[in-house]
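After this come two complexes, each holding chain A, first together with chain B and then together with chain C.
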Partner chain A sequence: MRVRMLAAAAVAVLTMAGTASCGGSADDSGAVTLKLGFYAAAGDKADTTMRELVKEFTAANPSIKVQLEVAPYVKFFERLRTQIAGGQAPQVWLSDGVLVQEFAARGALADLTDRVKAVNAADYSGIELNKDAQGRVYGFPQGAQTPVLFYNKKMFAEAKVAEPTADWTYEDLAAAAKKLTKDTNGDGKPDTYGFRAYSPGFTESWWPIIKAFGGDIVTDGNRKVVVDSPQSTAALDWMLGAMGKDGFAPDYVTTEAMGKGVVHTLFATGRVAMSYGIYARTLPAVSAGVDFGVAPLPKGPAGRGNVAIVNSWVVSKAASQAQADAAWKWITFFSGEGPQRRWAELGEAIPINKKVATTALPADRGKAFLESLDEATDLGTNAVWSEYTEALAKRMNEALSGSTPVATALQTGQKEAQEVIDRFYAGQTQ
Partner chain B sequence: MTVLTEETGKVAAEQRPPARKRHAGERIWAFAFASPYILHLVALAAWPLLASLFFSMTDYDLLSSPKFVGFDNFTRLFGDPVFWRTLGNTAYFAVLFVPTQTALALALAIALNQRLRGMALFRAAYFVPVVSSWVVVAYVADAVFNPQTGIANQVLGLFGLPAENWLQDPALVIPTLAAVAVWKGVGYMTVLFLAGLQAIPEDRYEAAKIDGASAWNRFRYITLPGISGTTFLVLVLTSIETLQSFEQVFVMTDGGPHGASELTVLYLYRQGFQFFQMGYASAIAWVLFVMVLALTLVQFRLQRRWVHYA
Partner chain C sequence: MRKTVSYVLVLAGAVVMLLPFAAALGNSLKSFAQYIQVPPVWIPDPVQWDNYAEVWRRTPFGLYLVNSLVIAVLAVAGNVLTSAMVGHALARMRLPGKQTLLTMALGTMMLPTVITIVPNFLLFRSLGWLDSLLPLIVPYWLATPIGIFLMRQTFLGIPQDFEEAAGLDGANPWQVFWRIHLPLAKPALATLAVFTFTTSWKAVLEPTIYLTSPENYTLPVGVLSLKGQFVGNDQLVTAAAMMSLLPMLVVFVLAQRYFVRGTMSAGLKG
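And now, the complex of A and B:
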């Protein structure tokens, strides 16, 4: 009876336990089947445009047959990993710029260095940002994102505050933000804020601010974490002041309570008069009918701290020669003027074709984005970007929520992020 | 008339083919009928389990071939402070969730175990959250616990109490998650308890009443022992479910704020599917499995002291 009970218990647990285990090529006629993957929400305009461009591409290249693999962002990359493991991955796919080196370092991507050499690099943005520490290129830019300062023209006019200029400093930003912060219902709490300082998306928050204050996050080929510095402390103190004693930015809790993704609508819904935002943030602002402008990031003691993410096309290392050639054909097609212009119409990314970028972006906003992109550095990408930035962001958020002193958070964050990087590059256990 | 003596019986028995041979045909049929289940067990349970055991001893990033590293992943695991923190979070969640849900489910079952008009409607109402997806529940929870607009803070305000940051405060996030989990899951356990209550013979209560037993004594000496088997089942199921919690935190907090609600399975998922560390994730899965098994075995052992199968 006892044995049977033990067995029953084991079977019950075993049955319920969740454990973690879990192409075609050219034929005789020269036709190639290419599996092309990209992430987009079903029915999204980007999905429709991409399908139309694929149709144009196959019409122009009848020997290439394209099979599409589309899924929303999280699902796409979750599935991609298992597809690669099972030899079922697309031969060419659109990668989030920060993930290119993660896949490349694990041998999943074809080295595009030689192919890129044949391209006139001066015609495209972002090629340099895609190089790894050894100067190799594993992705070709598809669209770029860089944060600039968004501002609500109507709120500035109502508060009689001069609009931001390219000469603005962090002091100017703070002074304007204080004037723009309003308690409209008289309950003693601001209802509209001058600036949004904290965001769970650090590209539009502490990363560029630390750099502007003279600090840095990673150096030495993005393998050495150097965030624990007096400059970073000054940057975080400025942010804490904005959310605390100066009170011109919503605090950590207010921002987090808005929920995943909703933080980006703070500007579009008029809750904040200014916000750092990448190019994709123009979409909700335009949809909401906000009369807005963009300006370069303000200058800190060490400049503006511009950063950029370059989403890129990558080619699977498992692709046959014919498939890799067809994939490269697609990449050069997509980078051409026509497709880039069509993609720019979506308004979700800065075109990487410089000729298109200078003419297709809205005249009043394009300049700030393009100048910012020209000055931008990469977002500390390396083989373990997702993991080390998560470790770091956790500590930074502790500091920005006020639950941990800035000095402790920076020290611990640097140590933990460095451990992640060292573990991978030292070739120790995973 | 034939008289069977002991001797003739023995001879007849010796002449018959042995039982194993006689039942051979039946055995084949038995296996044939059981084969779908056996195949299912091997392909979808045993094989993945063995594969994950193998991966737990490898450096495996999913994209390239696994490299055998012995017990390195387990060594790293035992020295990994984040793993221990997630385990602490999980244990805290379980300590709040399991007894609360069990007690509430029992109380609801007793309340709903009445022959009154419209009772089926109430029973169905408590079951609705069980069949709702966590995404839907997350929206409902936000309406209740949002620090600015949520009902919970409005209620506190009525009593002059300060507003709380339910899901943004590291000290409150796990109790809040446990409360939401209880709300979602209590209906299912209530149904189990209802079935248990209805299996207790009515004459026991009648006899107790005749003997002058109070309502409390009837509950203490008839109801509780009568549903002890159900209570045991509920405790085992809830404990296992809790230690494997993933979807709720994935949808509601993503482990935040600052990892305060990061449960072990969420940590496992991130290691395996976001950080390319399937070997390490498998090691976590196995350590978690052993813990769940140990807990279940302890529960099975202890049940002999308090579970009565009538």
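And now, the complex of A and C:
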């Protein structure tokens, strides 16, 4: 008797646990239901602002019902990959710019090329950077990131070093960084450094430096790896010098040990006076109360090497026509002046609405970011971006840690990254 | 003298084990600027008690706690009952191919969760269970390999005499299981309960994949939902993690006796 009661109770509780939490998505009124996914930390300003914007959007479009799916960045994409495999992805979601082509190449995204043709491309940044090798567009810009040179004003003033200008070269950067490197406790080792050269986030490290020195990473529609060049060697040698014989940047081990997410605390905590950083790096610097400025990246033999990541709204290929139309309505709403201005207030990304970008960014920082964005190339995005950059970064890190000669690392890195790309595109033409 | 040395060693070990906990506690009471300070400060100044309140303001933390408790309690009940039943059958009943069945069950332990997550996702989708607590509970009601193994080993260790005596008194196989063998397996059941509770309580991957509505989040998913992309909110994540530890500590303290005994006895009989 007791067993039967136990079993009955268990079944009842299991049923309750299931039904209590199953939200019904059917809508009898015929309205379009749109699942919208984006990444943000719970309760963060970005989370709150996005929810407010969605409310505004649904108020203006009563026939569209929006269901939000929010998760922090890493968890969002972890879940999304399974959802795509299981045919349960949101109909519209915010994608990291570097992942758009990965999703598109696996048939998960709707082609937005024709829809994008209907908008005035001159009003928005990043549309060109989002095109694939065939000129198709799978994502519409949401916000842009591009690295510039962050500098700590207080440390410059204390060291009596002139602040960076748009004319700075890599020699100027090195000269200033040496003066800013200090051994404050007299133990023979620097406690503050002039510059942060290496970062596990290569967008703010070796990628733009190689380009500035005249090298390149991928060409030919981002399908041919060309990193093994004398220019790349010169760039990595400069970085190794900064972390080694010139001693004005913390070495590989110190920086790597901090981890990708924490490396920017080197600047925010005043351990380095200068660092390359994307727009979002202003957030930790502001939170930590650093008095800082930004300047364009210094010029190398081939220019500044500006690159950009354009985070974008993408539409699921599995969305119905009505859902895709509703998703596009949301995208155009978000790209409008009002929402873009609200988003710019968060300080997370450069607005992609050019009109807003020229007025909404902080006066002392906006120019450097906008000029950098204008000159930027994409970050070598293709269908296997995550895999090939991982293969390449592994060898680059070996070179920058000194464990492998630069020439060997570049040669091996190029070969392995190319193999990844070839494996995916085998048999495909441009 | 030998006792003193032992105590000193144990104390030193305890300090080493408690150090990360103390560091986490300290970090949970820091501001962001203090959190990222290098070299790190051990004692927060000022102490940010508000980090704990901020977690509750930002998230329905109480709901996460309830969800985790519901899942963990039902998972424990299901796993303990069904694993005991399967383990008993494999240990004490005449069953053709039972060794093969055991090997197959144990073989599934070799498959990492990431391999099975997509097929499971598809299965739960077809059952309409996504974004509900069911995918995190029901599998425990189908017995788990570790539970089957643990209970089988335990039942193998019970002398045959009990079974024979019960048989002479007219007990059927179910009565032997329920009235004789199960009470004798209490330490192993408690061990399995603790294992199941901790596994369910700290699970991250499956709840992240299956649950999309914040009101269904479990504690670990809720804690991680505080993690920002650019400003990590690490002090808030740490505060939330400290709070989520408390129920686990309570369970462990209450069941510690069984936990240790069961672990020691699990591998005695092959």
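Keep in mind that, in the parts below, the second predicted complex is superposed on the first by the 394 of 430 C-alpha atoms of A that agree within 3 Å, B and C clash if a C-alpha of one lies under 4 Å from a C-alpha of the other, contacts with A are read in each partner's own complex, and residues count from 1 in each chain.
Keep this in mind: contacts are C-beta pairs under 8 Å (C-beta built on N, C-alpha and C of every residue); 3 or more make two chains touch, one makes a residue touch a chain.
All values derive from a computational prediction rather than experimental measurement.
Student: Could you tell me if A:78 is touching chain B, chain C, both of them or neither one (first, second, both, neither)?
Tutor: Once the two structures are laid over each other on A, A:78 reaches both partners.
Student: Check the residue A:384 against both partner chains and state whether it touches chain B (first), chain C (second), both, or neither.
Tutor: first
Student: Just to be sure I read the superposition right, which of the two partners does A:402 touch: chain B = first, chain C = second, or both, or neither?
Tutor: neither
Student: In the overlaid three-chain picture, which partner chain does A:303 touch, first (chain B) or second (chain C), both, or neither?
Tutor: neither
Student: For A:102, decide between first (touching chain B), second (touching chain C), both and neither.
Tutor: The answer is first: A:102 touches chain B but not chain C.
Student: Pick one for A:293: touches chain B only (first), chain C only (second), both, or neither.
Tutor: A:293: touches no partner chain.
Student: Just chain B (first), just chain C (second), both, or neither: which does A:70 touch?
Tutor: Only chain C; A:70 stays clear of chain B.
Student: Give me the intersection of chain A's contacts with chain B and its contacts with chain C, in residue numbers.
Tutor: Overlap of chain B and chain C footprints on chain A: residues 10, 13-14, 17-19, 21-22, 78, 82, 85.
Student: Give the list of chain A residues in touch with chain C in this complex.
Tutor: 3, 10, 13-14, 17-19, 21-23, 39-44, 69-75, 78-79, 82-83, 85-88, 261-262, 265, 268-269, 271, 280-281, 283-284, 287-289, 348
Student: Quick check on the complex: what are the chain B residues that touch chain A?
Tutor: Touching chain A: residues 45, 48-49, 51-52, 55, 59-64, 69, 72-73, 75-76, 142, 146-148, 165, 167-170, 236, 240-241, 244, 246, 254, 256-259, 265, 268, 270, 272-282, 284-286, 288-289, 292-293, 296-297, 299-300 of chain B.
Student: Give the list of chain A residues in touch with chain B in this complex.
Tutor: Against chain B, the touching part of chain A is residues 5-6, 8-10, 12-22, 78, 81-82, 84-85, 102-103, 106-108, 252-254, 256-257, 259-260, 384, 386-387, 390, 394-395, 397-398, 401, 403, 428-430.
Student: Over in the complex, which chain C residues touch chain A? Could you list them?
Tutor: Residue positions touching the partner: 32-33, 36-38, 54, 57-59, 70-71, 74, 77-78, 117-118, 121-122, 125, 128-134, 137-138, 141, 178, 205, 208-209, 212-216, 221-222, 224-233.
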